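The structures considered in this document are given below.
Two complexes come next, and they have one chain in common, subunit A, joined by subunit B in the first and subunit C in the second.
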Partner chain A sequence: MDPSARMAGNDRAAADVVVIGAGTAGLVAAIRLSQGGLRVRVVAAGHGCLVLAPGVIDVLGYAPERVADPARALAPFVAAHPDHPYARVGPDGLDRALAWFRETVAPLGYVGALRHNRLLLTALGGLRPSCLVPQTMAAGDLSQGGPVLVVGFHGLRDFSPALVAANLCAVVPAPGTGVAARAATLEWPGPSGDGRPLTLARRLEDRSLRAAVGRDLRTVLGDEPRVGMPAVLGVDRWQEVWEEMQLVAGRPIFEIPLVPPSIPGLRLFDLLRRVLRAAGGRLQVGAPVTGVRHRNGRVEAVTVARTPREQVIDTRWVVLATGGVGGGGLQVDPDGTVREPTLGLPVHGVPVPGHPRVLPDPFASHPLDRAGLAVDEAWRPVDRSGRVVALNLHAAGAALTGCEPWREKSGEGISIATGYLAASAILEEAG
Partner chain B sequence: MTPGRLALTAVGDSLDRCIKCTVCESACPVAAVTSLFPGPKTVGPQAERFRQSQGSSPDRSVDYCSGCGVCTRVCPHGVRIAEINARARARWRGRTGVSLRDHLLARPVLTGRLGRPVAPVFNWALGQRPLRVAAERLLGVHRAAPLPRVVGRTFRYRVSRRRPPRSPDRVVYFHGCSVDYFEPWVGQMTVAILEHNGFAVDIPRQGCCGLPLQSTGLFEPARRSVRRLARSLSPAGTDGLPIIASSTSCGLMVKREAEEILGVEDARLRDVSRRTYDLFEFLAGLHRAGRLRTDFTPVPLTVAYYAPCQQRGQGIGEPAMDVLGLVPGLRILELDRSCCGIAGTYGLKREKYAIAMAVGRPLFDDIAAARPDLVACDSETCRWQIGRATGLPTVHPLELLYRAYGGAEPGSAAAGPGGQ
Partner chain C sequence: MMKAVETDLLVIGGGATGAGVAWDAASRGLQVVLADRGDLATGTTGRFHGLLHSGARYAVKDPRSARECAAENRILRAVAADCIEDTGGLFVSTPADDAAYADGFVAACQQAGVAATEVPVTEVLRAEPHLCPGITRAFAVPDATIDAWKTVWACARAAAAHGAAILPYQEVVRLMVEGDAVCGAVLRHARSGEEITVRARYVVNAAGAWAGRVARLAGCDVAVVAGKGVMVAMNHRLVNAVVNRCAMPGDGDILVPVRTVSVIGTTDARVEDPDRVQASADEVRAMLAAGESFIPGFTQHRALRVWAGVRPLFAATSPTSAETRDLSRGHTVIDHAAREGVGRFITIAGGKFTTFRLMAEETVDAVCADLGVRAECRTAAETLPDSEERHYYWIGARQAQAEARPVDDPLVCECELVSRQDLLVAAARRPGLDLDDLRRALRLGMGPCQGGFCMARATGLLHEAGHLDRAAANAALRDFVEERWRGIQALAWGDQLRQMRLDAWILLGVLDLEHLPE
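So, the complex of A and B:
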């Protein structure tokens, strides 16, 4: 007998649900499904994009003007964008998903409400609307303006407090308001460093180095009622670091997200993984999915590339949450073809042949930005005629069609809501 | 090219897929604790461009990569960072030379053979501080590093007189050096578990897989070792049989690293590689096929389980969790940390011991917080490191399965590794 045939049965695993992808949508779906009592296995080519994101939960920031109240803006936004994932999510779905999320990541103390977008400070001194923010950014809402002290570190890459303060003085959060920003720079703690945010964050977890930073911080304080610092206030032990810095400053301190790797994103990723494991879910990283086996319109198994043998995971449901173009969940070929590379699902919203590849205004909306998977009411991908591709295949997150998360500032809201609701659809079917 | 198998050139070319997203930097356990290693992206895909044009490594930081492989596993774009770095490390070592210590650490069979006839003296010496201090000064093996005790009677000796049951279902057991010289009970329990499930177990004579040689940068002897091993594991009459490895790192070497890092192109090795299974991978597959015996007696223990880097590198998930989950009474807490620090022989070295302990600290803290009765981990060097650092009995998960099948109290595992 052919050896590979003889041993084929040895490379099988089983799960109730295979979730493909370890980003926000995938982990949200996996946790919810595990909490619902199903055996879940997350299979991912690598870590998701959470450590590249600032760790805040954007729901709707621009529509196309800056949104102050996402709850109120949602209805007209959906009316204008009937193919947007939010049209299917609905205000109730969004509410439930976000409430569940806040409870799930309670240790990070996310604050905020759907009725109010905070205006957060960016690492370049701009303002960015966001809905839910971790505790360490709670004091950073600049929507009412006011004086702010921006504190940086000598040698920290990609963060210049002087630049942030100068740009910030020019912004107008709301008519009649402004921000008076002042910059200060602290010494890099300990022996000369490599300038990386992660290195600094880990150093601040050391009590004696932190004490030195605290002494330095005291000398630069002024009358400003709050202080913005780069998001390097500890990785695992952020709470201790952040609280101690506030104690030293005697006023609220808020973190300002930096370029990747993002420490608030890392904290969220670490927590979601731990929550998943605690709920009994499994995580298999570094193992890209190559396809599915199906029969009678249902997916029966997911195949995983591994050296030296392919693995076959028998499953009752699949959730595809591989992300958008940035995460590798959609692929744009040089000839303009857009593919869903993992399972080869039909992609909707692809510009017609001959549509200009590049528009004169690089920031203008390009139809390519909205290309992605279209789904039915149970979050199952459909083909061009609207027929479900497979009865037990669901999709969530940035791979969905009809949205432009980077422009709308809606990425996390879409991923959390669709991940949550795709999981709900499966749980309902499972009974 | 077989699907799922990466050609050697693909490892080098994979660096062009690096978009500098820093996912690997955020996950690297070594860069997290020392500035001597500037991170997998910097040392790997970035420095490799210089190495490719100049042919040699630009600096020694690559020597501080522990080879745990976390970077390759977490890379969402398929860049083979750890493999690129392993090859760069070998080129660096080629320039600087390999110390006597590294030659010794790279040859566990030699240590075993020299130590075994004088096992009581050897093991006594491991616990003597003055001798360990001397060894640290003379050799560079850290005085507190977790070194295994040598057993007087090897695994092969212990099984030489057994009468294997007859069965049409046969498997080959790849026990590796550690089972033979340091932890024979792991091998004995493996054989007992496989026989309990109706398999006849072939145990061909076998040597080292060459992994320690490879991680030391001695690629040529490593290639010879793994080629020789492939022949040993496929003696006449064993065509097509599954090969079961109870050591996760040796299994990884045969499955992947010999080809991806050493570039060994060998039909015999490829055949052996395709047939090699991690023990729990095999048992989980049996269960899936409805063939695993589940005549378990309850094991009322709380166990902290840690899936080692080398096993995660096999991309098989956590099969021990699947199988141990079937055992009544057993409460398993899974530890979500990336590395224990030891990385084979990395943490034994004087200049790297402190780094290895710092890498493992979050894991040790999680274990202490979990207050388990036992710690379970599939890799031997990780068990020695964790046992030494936490003071808790640290066993191969198969010992729990053995116990669930009604086996006697696990052998001498609780004795733990030697060291100061």
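So, the complex of A and C:
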């Protein structure tokens, strides 16, 4: 069919910027662009990866030894990894992006500083470095050790307080320190449950069920100055739940992130969506991009699948934030070819044919893990010879080459900084 | 002082054959000890495609095997129904296959007593919509799928009910010989290192691909050739019946629907060391490409897991060729008294899963004859535990169980519908077991997520219930991640890679498993 004829049957819309992808990078870019006065549409195939993430802001946790001070570790880290997104972000860019982010998500009360990695308790009882954490995890920095009461719920399938406490007693946060941990288990509130964290979090939003949990909690308290609980303290009404439980306990309570779906991740996703809407941006989920129209080296329009027919969005800029392999932003073929499926962009850092893509040790750094998009100083994807693919196309987040966020514990830092800076580049051009 | 036990019969090797021998001998009244160096059914038995042969696959090339399979298929359906899903089987002539082969195939099936009925192609395509629409002929045969772990443990439980002792994780370090006869073995526990002596009136070597090694401990020579077979599990049940290509057996020409997945197999290549077999990325690609010939678009489906098993092929004279497909799939009862003058010692060599009961019967017949015990084989008529009602397993069985469960028994593994109670009951039944044993017992972590979500849960539960101490729990979790990785690392592309990334995100990212204390 003649493309123009097909266009004629489509819905049309217009935006200053189309952001593709509703994960951290996409939402950060979209909010910043909306705040800068541009008309923004976020189009996304799905709900993004925020609900998978623990809701903490990792900046740099391992390099490959545990990092105590990300601000100081950054320079040697990028010197060793010149292709890493942080090499382009720079310390100043990271600082500005994180400061902006904290202000943007102020209702969640993120605390922390780039100069200090907190050591957070994992749902297995290990310690995991992270940089900024929401208010509900603020009391959970165990880098100085100290006694902790670990409280779980009978039947909550993703959290075993006994194993957490046992492991916690064996960790050494810093030389000469340790954690004395004790486990306690509360009754599942209300009628017997399905063991899911989300079910429990909703139950805790019910005042009378929560009161019963509070009574139960009082009976297990000891001398420990703080209490760790699984991250199930309310979904929308988390503040009320968390504060009331602290009042009951008479001491700080910190949440411990669980495997997905993550409730702190959900809270952050909800807040970012609200902030975007308040700033005038629009979000279309379930709208995968089916094509783009180029003219004179620029992307002129983006087509998305919609029921009952496609929608064409005319735009001045595009931000691609579709994620890495996990998010679907990169695809790998059986022969080892790595593709960027949305716009067909060139992918860098792909292992040469005939060389292993993954190694026999699951914990190793695999050759395939660093494949992704390479960008210029304005965060625009470039081809193998370094030429910009399209003048008004920018990229951010896990799709970028040179990083292994889950191993480095750098995911949110990369997504926030690159989303923020890609947006800044566009705002600068827009004047 | 080393712990010592006395028994009539020591069976070495806890695969289908060894478990079958234990069941058979115990049901005839012998005192039996069954030992395996690992968990039961972790050698060849636990690494096959799950096909209960009708015999059709061997009809043209190996009529004797075909006849044996046909008979054993009927018997196992009667005594081990709970381990079997009655999928039925199809032989289809694809456009690439010689259509004339089909006529010879039908005749050979008839000769061997295998029921093969031609089915109209349109009817087959309606029942199997993924199948290549260009197939020219199709034949229905009574193939089925059989759960190897369930079967072996059912045999072991039946043997135990007759008084047998089942000893997994007990490796034979020495065979004891007195005069010109074997009289027992020294076993060492794989985990504790503790040794025990088993004095036995008779020893059966049912170590399959490892039988040569065990025989050597008594100074005997058994020329077992290990033939590697590669299998790939696909993330869906692409077919409802077992589908075979109607052609001379070759690589990648069987697709077996097993529970929620389907398994394509297999290859055949000689390997020197049965402990060192791994499927290469090339073999996986070749297997998937072979799938295209009867399921168009096969390579586009998600491959979930790959593994290799070793067939214990027995050659009277040691073959040197790399090609093992032409070696017989038949079995041989080797009486070492007659062959090498080493008495009270039998090796059961060769064979295949479908005929394990027959192999056991012939072996125990020989043992009884030698010991002067007069007892008839009962295994063709004695139903195995959980098969008493003679109901086949069916695909919806676990869902039905899950729906009947109380709500406060949450699912631990959502892919395979394993609840907390299932897990705790299985763990209590076999103290000292690890996550990998539980995987085989319950299929925990064998579904699409390959353990990404359920393993940490299971570890926590086992720790809480006192089955794993802290350090053991951490080690079990790490071991499990490594074990799963072996089966998926050759599949790092497409949606499977996406799943691997999600699992890495959970286990390495959120839980930071790598940095848990030792």
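As a working rule, the second predicted complex is superposed on the first by the 419 of 431 C-alpha atoms of A that agree within 3 Å, B and C clash if a C-alpha of one lies under 4 Å from a C-alpha of the other, contacts with A are read in each partner's own complex, and residues count from 1 in each chain.
Basically, contacts are C-beta pairs under 8 Å (C-beta built on N, C-alpha and C of every residue); 3 or more make two chains touch, one makes a residue touch a chain.
If you're wondering where the values come from, they're calculated on a predicted model, not measured in any experiment.
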| item | value |
| --- | --- |
| Partner chain(s) touched by A:82 [first = subunit B, second = subunit C, both, neither] | neither |
| Touching partner for A:307 - first (subunit B), second (subunit C), both, neither | first |
| Partner chain(s) touched by A:222 [first = subunit B, second = subunit C, both, neither] | neither |
| Partner chain in contact with A:250 - subunit B first, subunit C second, else both or neither | neither |
| First (subunit B), second (subunit C), both or neither touched by A:12 | first |
| Contacts of A:194 with subunit B and subunit C, given as first, second, both or neither | both |
| Touching partner for A:166 - first (subunit B), second (subunit C), both, neither | second |
| Contacts of A:273 with subunit B and subunit C, given as first, second, both or neither | first |
| First, second, both or neither for A:47, with subunit B first and subunit C second | first |
| Contacts on subunit A seen with subunit B and repeated with subunit C across the two complexes | 52, 191, 193-194, 196, 260, 328 |
| Complex contact set, residues of subunit A against subunit C | 52-54, 62, 66, 122-128, 155, 157-160, 162-163, 166-167, 170-172, 188, 191-196, 257-260, 262, 324-326, 328, 331-334, 336, 357-363, 366, 368, 405-407, 409, 411 |
| Subunit C residues touching subunit A - in the complex, by the definition given at the top | 285, 288, 299, 406-408, 410-412, 420, 453, 456-457, 459-461, 463-464, 469-470, 473-474, 477, 481-482, 484-486, 489, 492-494, 497-498, 501-502, 504-506, 508-518 |
| Subunit B to subunit A touching residues, read off their complex | 2-6, 21-23, 25-27, 31-33, 35, 38-39, 72-78, 239-240, 242, 255-256, 259-260, 270-271, 273-277, 281-282, 284-286, 288-289, 312-319, 321-322, 334, 336, 362 |
| Interface residues, subunit A side, partner subunit B - complex | 1-4, 6-7, 9-14, 41, 44-49, 51-52, 191, 193-194, 196, 198-199, 202, 236, 260-261, 266, 270, 273-274, 277, 282, 284-288, 290, 304-311, 314, 327-328 |
